[in-house]
Structure formats: structure tokens, C-alpha cells
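First the structure, which I've put down as C-alpha cells, then a few questions once you've had a look.
Order of writing sets the chain letters: A, B and C. Residues in each chain are counted from 1.
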Amino acid sequence: MRASRLDGVLVLAGFLLVWQGLYMLVGGDVVPSPSSAIVRAAALLRSANFWKDAASTGQAFVLACAIGIAGGACIGFVLGSSRFATEVADPILGTIYSIPKITLYPIILLVFGLTLSAKVAFGVIHGIFPVIIATMAALRNVSPVHRRTARALRLSWGATIATVLAPAALPEVFTGIRIGVAVTLLGTLLAELFASSSGVGFALIRAMEIHNVVDIFALVLLIFLFAAAINGLLHILERKLRRHA
Amino acid sequence: MREAGGHIEARGLTKVFRGAPGGKGIHALGPLDLDVRSGEFFSIVGPSGCGKSTLLDTLAGLSSPTGGTVACNGVPLAGRVPDGIGVVFQQDASFAWLDVWDNVAFGLRRRGLAASEISRRVEYALSFMGLAAFAKSYPAQLSGGMRQRVCIARTLVLEPSIMLLDEPFAALDQQTRLLMGDELLRIWRDTGATIVLITHALDEATMLSDRIGLMSARPGRFIDIVSTHWPRERDSRIVSDRRFGDITARLWTNLRAESLRAIGSGAAQE
Amino acid sequence: MSFQPTKTAVVRVLIVAGAFAALEILCRASIINRMTMIPPTEMVAALWQILESGRYNADIAFTVVNTAAAVVLSVVGGFAVGAILHALPRLRRALEPLLSAYYAVPVFVFYPLLIVAFGVGRAALIAMGALVGIVAMIVNTLGGLDRVSPVLTKTAAVLSIDRLRSLVLIRLPAAGPHLVTGVKLSVAYSVIGIVAGEFILSTAGIGKRIAFGYQDFDNRTMYGMLLLLLVLVMIVNGALAGWEKRLHHRFGVP
């Protein structure tokens, strides 16, 4: 659609203008110029070291997604299929979700040490809850009419789940997955910020410690682009799902 | 006290909705002429998608016509809702966060009336609509019919000279509808306001109105206006009058053809 | 509210109590190493001691005030931005992908920049907390305003209420349940932003005490303060969740 692409370009231009303005206002010690950050980002994309870091983060991210998203959907489905279980679990989950995950960081570090497992664990504790909560909500929002229809058609329990509940709940579950993936990435990066010796988050810490603002901004830009790309992809998938819903 | 009911005139009224950029517009309404006389009960019926709600929006000043004019009490509408018009919508418009009393008082508070006057009007409207016992209840605790009564009460306290109702009872069951119809007649007689009712139910229109305007399929125009000549003191039991069937039959004969056209052309619900 | 234990409540209590009991046993039996975790009962004892002695009161107050300030900024700022975006659909559509991707970016990395801008002190922390919390409020404001039935805006027009008053008197209350959800999330995120900042800066606050406890291998202090943070968050979140639920009930949302 022409109009929205033009809008996207306008927003991007506006953003760059604000950035440039900020740079001129506070000076290159605090905020680097957009051009220097972009050039540095491009350079990073050509550097082998960056890709080593990216691979390290990526590995943890993918593992955390697999465990967190899949696990979350399963748990959410199991809990959501039973009204009693949903009622019992809802407040507990809500409370756990509201616990600032940072309180668990020291514990995870003590348990796993500075390893890949710690990163994956961070990612999982961030991502699993939105997925569980969204899955349970999705199942709850499946209109009772659907369940009654399934009973009227005398579908077995398994067939009901596979052919009625799952498709009906899928779009909403997917929204939860989209959020889950975003925060899993965040969790993985945070793990690298606080306690790691590899990965993009660690590269950020290195840049922070020597106050290399250009690197900080370049890395954040790349992270943001990556996150936006994944989010955009999931958005497209979600819209396809909703069209069929 | 209250002035006589207001009157509305529409001349050459047309409404075209802009479609997707580059596409054709949707010619929803008109051109049509309408004269609603002071103090009368006028119903508008028509097939689905014929533009009834669009017509009401234009008469109320909620939307501007693409062509033609609408005048309320001789004053042309200028893109806003004029004073003295009350509107009751099909969907529930009660404010969930206020109790019934505050809901009804809402429109009055903006007008700078004295608190005692507000109280007086609200108490009167509540007892008039049979809501006095529910003044402290919240809309979510009430049935659909009660909530519509709250919306009607909210309109009544403003003492409108014209009341426009867009299928207000569509979401209610048949029996509640008949009783609400009686309520509406009572309101009409007691307030002397002009009432314009949009409905898809022919029996409702025939039972309640002085005149009924029958709209064609989209683009909506009036193809017939039927006068019932009912006495002012009437209620739902008018159904037993021997002319009731004749009037409904005349409406349906014309409406049936239009409805078939509307369905055939794939006109979507408004 | 009468205190009648329902079946679900009983099961819930059993689950939570069971989890605690399991943790306690695992710790006491040294299956979980003392260096990793101390038994829950000792965590509670440590917390009690901290509160009784009052030696970290200044830090606790520091964090609480920071969070309150950040929440106010997030909620007010978030609602304003959300309302403006809602009124400008083109701008909203263009910015929406940015909002979705926002929470994937660790905004913490801007700490050094905030410090240079605001100095080493609470302003940087509050700014960070607000930055983390504001988007949750924006997203929920948009969602809430979206769900305001169009018939309510028409009613405002019929009652001759201007746009600004319509926003404040009708659309804001109508979006109530979603806005309270936004506040709840803003609080949660702001706390994270501020405590994480206190971890890193380690000048004052609950985060500082946790960080020091971790670094000094002082598990009692660390877990005591962690528990305190947990309890405080649970109390505030519980209150907000209760408000959220009452609003949903008032609005008749099942």
C-alpha cells in the first residue's frame, strides 16, 4: 500500500531528524551522529567478531524460544482446557508474571553460573509467561458455542482440541507468541548484560564500560532492526492466521 | 415549560460515502424529501442496508449530507447536532462506569443548571421510566430493556422537542418490545415531542405511528408514505383494529419487493 | 467480604504452600547448596531482621519514591501519547511496528547516556523507569480507546460535548479497564527499570543492597532484600489487579 510505505519513510526521516537534532544539542560524547552510528553498524555487519557474538546470542535466543514458546503453549493449553485449572492458576500466574524478573537473576546466576544455560534460562523466564497467559486467555475466549457445536457433532476430546479449539484459539495464542518472542530476546540480551563473556549483550557492556557511544548506538540499532524484523515477520504470519480465523 | 414538538424538513437529501481511494463511492441515500410535522409520530421502515441509520444520522446532525438540505424547526443544520434533539441509538449507550442516576443526569450537568433543577428532572425521568428503584444500580446489573430505558431517560431530561430513535428495541425480545412500544407512546403523549422512529418491524411501525415512511433498497428513497389515522390515545392493543392488517399488508407488499432487491444485490447490513 | 474458602482458593493455597515446603526441604537437606539459596524460612527471618533494624530504610524509601515518580511519568505521559496517536491514525499506523519492537530492546543500555544527561542520581533512574514503563501505557491506552463503542462518541456529539471533554468525561472512563491494566504494567516495568538501574549504579536503593549482597556472598541480605522487593511488588500489583477486576465487573465483562 503506497500510503503506508510513504508514512513509514516519513516516520523514519522524522526519527533521524530528531536524532540529528539531539546530537547537535548535547554533543558527540553523549549521542553520536546518526551517520557515524549507521556507518559503524554497517562495519560491524562486516566484522567476523560481531558475527561470533551474534551467533552466541542467537544460539541462546533460539533455544530459549523453543523451550519457552513451545513449553508455554503446552502448559497454557493444558491449564486452559480445564476451567478449574484456569481459575486456580490465573492469580498465581498473574502474580508470578508481575514479579520483576530481575529478582530472579541472582538466583539463576547462582544456579547456572556464567554459561549458555543461564542465558537460556533468562530468556525462558521472560518469554514463557506471556505465552501461557495468552494461551489460557485464548482458550477462555473461545465462544462456548464452539464447544457446544463440537459436542453436538459428537467429536472426541482429541478431535475437539485439534479441529475446533486449537484453530479458534490460534490467532490469540499467536499474539502471545509474538510478545513472548520479543521478551525472550530481551531476556537473552539482559543475561549477557549482567553476566556473560560472549554475545551481543556482552559487546554492549564492553562498549558501555569504555563509554564508546558510537558502538553502543550501532549495536542498539542492529538489535532494534533484528527485533523489528522478527516482529514484522510474526505480524505477517499473525495476519494470515486471522484471515482464516 | 415545553414548547410544541419540533418539525424537520429534508429536501433533495443525498449521502454518498467515499469508498476505497480510486474506487466508486457508495451511494447510500437519496435524493429524498421528508416532512415530519410538529408533534407527530413518524416511523421509517425499509429493507436492510437501505440507509435508514444513515438517514437518522443526517437528520440528527451527526453526519453531513453530500447533497440537499436538512432543516430542524426551520433552521438548516450546520454540521452539528442542534439543540432540542434527542437521539436514542440501537446499541447500548449507557455509561458503564456511572450508576443510573448519574447516567441520566449526565447531559444536564454540562448545561449549568442548578443542582436542584437537575435533581428534579432526573427524579421525574426516573420515575416516569420506572427506574426509580434502580437509581443506584449500574448498567451492567440491568437487563437490555432496562438499559435502553436509561438511555431514553437520559434523553428525556433534556426535554427535547424532537426525539430520533434508531431501532432502539432491536436487541430486545418481542414481548419486551411491545411493552417498550407502549412506553414510547406514553412518552410521546406526555411530552408532546415529535418522534421519528426507525424500525425494521412492520407491526411496531404500524402500531405506534401517525405516518409511516417506506424506504426503497439502496440508495434509499421514500416509495410510499402511509397514514394510519389512529387516535392519539392508543397502545399496543391497536393490533386488533381491523385496519391494522390492511396497513401492514400494504407496507409489506411494497417492502417485500424492495427486500428481495436488496438481498439480490448483495447489499450488506448497515 | 466474608472469608469463605472456595475450592479454588484452597487448592491455590495448597499449591503455593507446597512449593514453599518443597523449597524449604530441598534447602535444609542441602540438595540445594547454601551458597545458591537459603531456605525460605531464613529468607523471611532475614527480611524481618532488616525491617526491624531499619538499617536499610533509606534505601527502601529511595526505591519507593523513584518508582512512584517513574509511574506517574509513565502513566500520564503514556496516556497523553496514546490519546494523541489514537486521534492521528496515519501516524499511529506508521509508529505501531516501533511500539511492538520496543520491548525487545534492552533500554538499559542507555543508562550511561542518561547519567551523562542527568548526573549520577535519582533523575537518571526515574527517567529509565519511565522510559521502560511508558510504552505499556501507550499500548494499553490505544487498545482501550479502540474498544470504546462508537455509540458513546455519537452520544457525546448528541449531548453537544466538545472533543476534549468527550475524551476526558466519556472515552477515558469507557476505556477504564484497559487503562488500569496499563497502569498495572507500567508499575511492573518501572520497578524493573529502576531496580535494575540500582543494580548497575549501586549508589542507593533496594537494587544496590541486592547487588552488594550478591557480590559479598551475603546471601541473607541478598535474599532478604529480594523477598522485600517481591512482597512490595505483590502488594501493589495485587491492589491494582483488584481494581482492574472490580472495573471489569462494573463494566459487566465476564
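We adopt the following convention: contacts are C-beta pairs under 8 Å (C-beta built on N, C-alpha and C of every residue); 3 or more make two chains touch, one makes a residue touch a chain.
The structure displayed is predicted, hence computed values, not measured ones.
Where touching is counted per the definition, chain A and chain C have no chain in common. Across the assembly, the mean Cα position most removed from that of chain A is the one of B.
Remark: chain A and chain C have CA centroids separated by 18 Å (rounded to whole angstrom). If each chain is reduced to the centroid of its CA atoms, chain A and chain B end up 50 Å from each other. Within the complex formed with chain C, the residues of chain A that make contact are 3-4, 7-8, 10-11, 26, 29-31, 84, 87-88, 91-92, 94-95, 98-103, 106-107, 109-111, 178-179, 182-183, 185-186, 189-190, 193-194, 201, 204, 208, 211, 213, 216, 219-220, 223-224, 227-228, 230-232, 235.
Partner chain C is touched in their complex by these residues of chain B: 60, 62, 80-81, 83, 85-87, 89-93, 95-98, 106-107, 110, 138-141, 158.
Interface residues of chain C, counted against chain A in their complex, comprise 7-8, 11-12, 15-16, 35-37, 90-91, 93-95, 97-98, 100-101, 103-106, 108-113, 116-117, 184, 188, 191-192, 195-196, 199, 207, 210, 213-214, 222, 226, 229-230, 233-234, 237-238, 241. Against chain B, in their complex, chain C makes its touches with residues 149, 151-152, 154-155, 157-161, 165, 170, 173-174, 176, 247, 249-252.
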